[in-house]
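The same chain A turns up in both complexes below, where it pairs with chain B and then with chain C.
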Partner chain A sequence: MDFTNHRIWPLFTIKGHTVYITESIFATWIIMAVLFIFTIAARYKINSFKERPAAGSIQNLLELAVESMHNMAESNLGKRLSWLGGYFFGVFAFILACNYSSLFKLRPPTTDFATTLALALNTFFLIHVLGLVYRKGEYLKDYFKPIFVFLPTNIIGELSRPVSLSFRLFGNILGGFIMLELLYASLPAVFRIAIPDIFHFYEDIFIGALQAFIFCVLSMTFIKEKASEEEA
Partner chain B sequence: MDSVLAMSALAAGIAVLTAAGAGIGQGFATGKAVEAIARQPEARGSIMSTLLIGAAVAETTAIYGFVIALLLLFVNPLIK
Partner chain C sequence: MGSFLFILEAAELNGRILGFDIEFLMELGIQWLNTLILTLFLAKFLYKPIKTFMVKRAERISKQLNAAGDAERNALSMKADYDVKLRDIEQERVSVLHAANLQAKEKMEQIITEARREADKIRARMRKDIEMEQERAKADMKRELIDLSFLLAGRFTTASLDRQAQDTLIAETISELGDIKWLT
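And then the complex of A and B:
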């Protein structure tokens, strides 16, 4: 049984360690290309948008997606920070496309810890930069709550956030991926046609969408906690 | 070397037992959410989203155990 991230092409060597282009990097490129083409096509489509779109048209679909993400950002982040909704739309679309890529026999890039860690570090950066920009001194005072003795505990608590965010996404998707690989390996070839579909539906479509949603909502909650004054 | 490998396989099995705690926790959370929806069906949307976030947070410890098991099985640091 082989679940490793296969190496495709050696890139360069630093101090005896070779850096490779792996399967998951290749899958990331494909996903990036698909999302890029879709975005450009949607942008050109905007020119022909009407005041009253026909039911079930592409315009309806795009407006639904943008509006639901805007509502989610506004309810989770508050009015002042709702401009971050655009960033989270991108993150959501990327994670969703990554998780669904296993339906097309690609290796999902979210089964590579580097991808999820990069996404979680983006959130970490946003939490602290926005906290400093929006609340300045109040933000620094948070580290000495309830009394100054808790400073190390608070710092460790902050550092554990990107770890738990990245491991949650990584572990869920990798677990589903390994289970499906085991299923394919254990079934005789005749039964590989319809039976794995049920598990694909749960592991890829349901868990994939759920984890993309949860990553965005948790990131928003963390950002709001640090950067917004009005929260309780 | 063989005994280290055998004990690593056992340890991977034990590490995955963390899933029991997460399962119990998620079960409690879902039961309470069902009670809340039965009492107040109009608040279904917000209860569901809170439940999903809470269940995802409760799951974290199980995921840690799972990742440790994977490390022991595939990139075992003890037999390098």
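And then the complex of A and C:
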């Protein structure tokens, strides 16, 4: 049984280490292509959007998704930072698509720590850049709170955020992926049609959506904590 | 394994679940670039246009609601104005009717007074005419009586008096008349 993220094509070699296009990178590209096509199609369709969309139509679903993300961004980040809703819409869509990709027999890119760490580093970058832009000196003073000797602890605390964010997503999705692979391996071939569907529903659909939501909400909370005066 | 991507493997290469080395860093770089491109693309070309569409629609609806509210307020104020005007018109109608009644009464009394005056005049004139007629009738009757008395007197004298007596009588009458007329 093999749960590893397989290397597909070698790219180049640095200091004796060969860099490969892995299974998860390839799956990411497929997901990106699907989302690009969907976005272009939706963008084209926006011109013919109706004033009152029909229930259950694509327009209705897109408006629901955008409005939900806007409300989520406004409630978690506040009005001043709600412009980040667009970025988190992309993040949520990407994580959700990654987690649901296993339904199409792809290896979810979120089972690769490089993917989740990349997303968490974006959050880390946003936390500190927006903290400096919006709060300037006050942001720096936070590192010396409650007293200056807590500076190392505070720095470690800040560094742990992307680690916790990325490992949470990575661990949850990889755990579900391994469980399903074990289930497929343990079931006789005749039972592999219906029984795993229940676990796919829980592990991929429910946990996948939940983890995407948790990642976005935690990222927003961390950003607000550092970049908003209200939380200072 | 469930993943069909295994068939894409160009060679028998081992994979891994997690490892921290240059390969991981390169993979991280590639995935960082992928996620960045994708999230920004989705934000710019999907989230933003839909949000702009929704915001514009909300503004349109808000304007329409405001316009409807203004129209309702205008209609209510016009209704209030019309109610006031209707009330005024009712009062005016009553006052006009009252004034017209008064005027009609005045006119009626004036007409009646004039009519009475005219009737009095007519009555007086008629009375005068009647009196004059009576006077005239009396005078006519007197004249007729005189004529008749003359006629009777003439016939009587013709029948009873002789020539001499007749001349004496005429002379006496003339003398008497002459005394009376000249005296008056």
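Here is the rule we use: the second predicted complex is superposed on the first by the 231 of 232 C-alpha atoms of A that agree within 3 Å, B and C clash if a C-alpha of one lies under 4 Å from a C-alpha of the other, contacts with A are read in each partner's own complex, and residues count from 1 in each chain.
Everything that follows uses one rule, which is that a residue touches a chain if its C-beta (ideal position, glycine included) is under 8 Å from a C-beta of that chain, and two chains touch if they have at least 3 such contacts.
Worth saying up front: this structure is predicted, and the values here are computed from it rather than measured.
Aligning the shared chain A places chain B and chain C next to each other free of steric conflict. Remark: in the superposition on chain A the angle formed at chain A by the CA centres of chain B and chain C amounts to 120 degrees, rounded in steps of 10. In the superposition on chain A, contact is made by A:Val217 with chain B only, not with chain C.
By the document's definition of touching, neither partner reaches A:Tyr143: not chain B, not chain C. Contacts of A:Gly171 after superposition: chain B is touched, whereas chain C is not reached.
In the superposed model, A:Leu121 makes contact with chain C only, not with chain B.
Of the two partner chains placed by the overlay, neither chain B nor chain C lies in contact with A:Tyr134. Chain A is touched at more residues by one of its partners, and among chain B and chain C that partner is C. Once the two complexes are overlaid on the shared chain, A:Thr4 sits against chain B and chain C alike.
In the superposed model, A:Tyr100 lies in contact with neither chain B nor chain C. Minimum Cα separation between chain B and chain C in the superposed model: 7 Å.
On chain A, the surface patch touched by chain B in one complex and by chain C in the other comprises residues 3-4, 174.
Those residues of chain A that touch chain C in the complex are listed here as 1-11, 14-15, 17-20, 22-29, 32, 35-36, 39-40, 42-43, 46, 49, 51, 62-63, 66-67, 69-70, 85-87, 89-91, 93-94, 102, 105-107, 109, 112-115, 117-119, 121-122, 174, 180-181, 184.
Looking at the complex, you find that chain C touches chain A at residues 1-6, 8-10, 13-18, 21-24, 26-28, 30-32, 34-51, 53-54, 57, 60. Contacts from chain A toward chain B in the complex involve residues 3-4, 164, 167-168, 170-172, 174-175, 210-211, 213-214, 217-218, 221.
Chain B makes touch with chain A in their complex at residues 49, 52-53, 56-57, 59-60, 63-64, 66-67, 70, 74.
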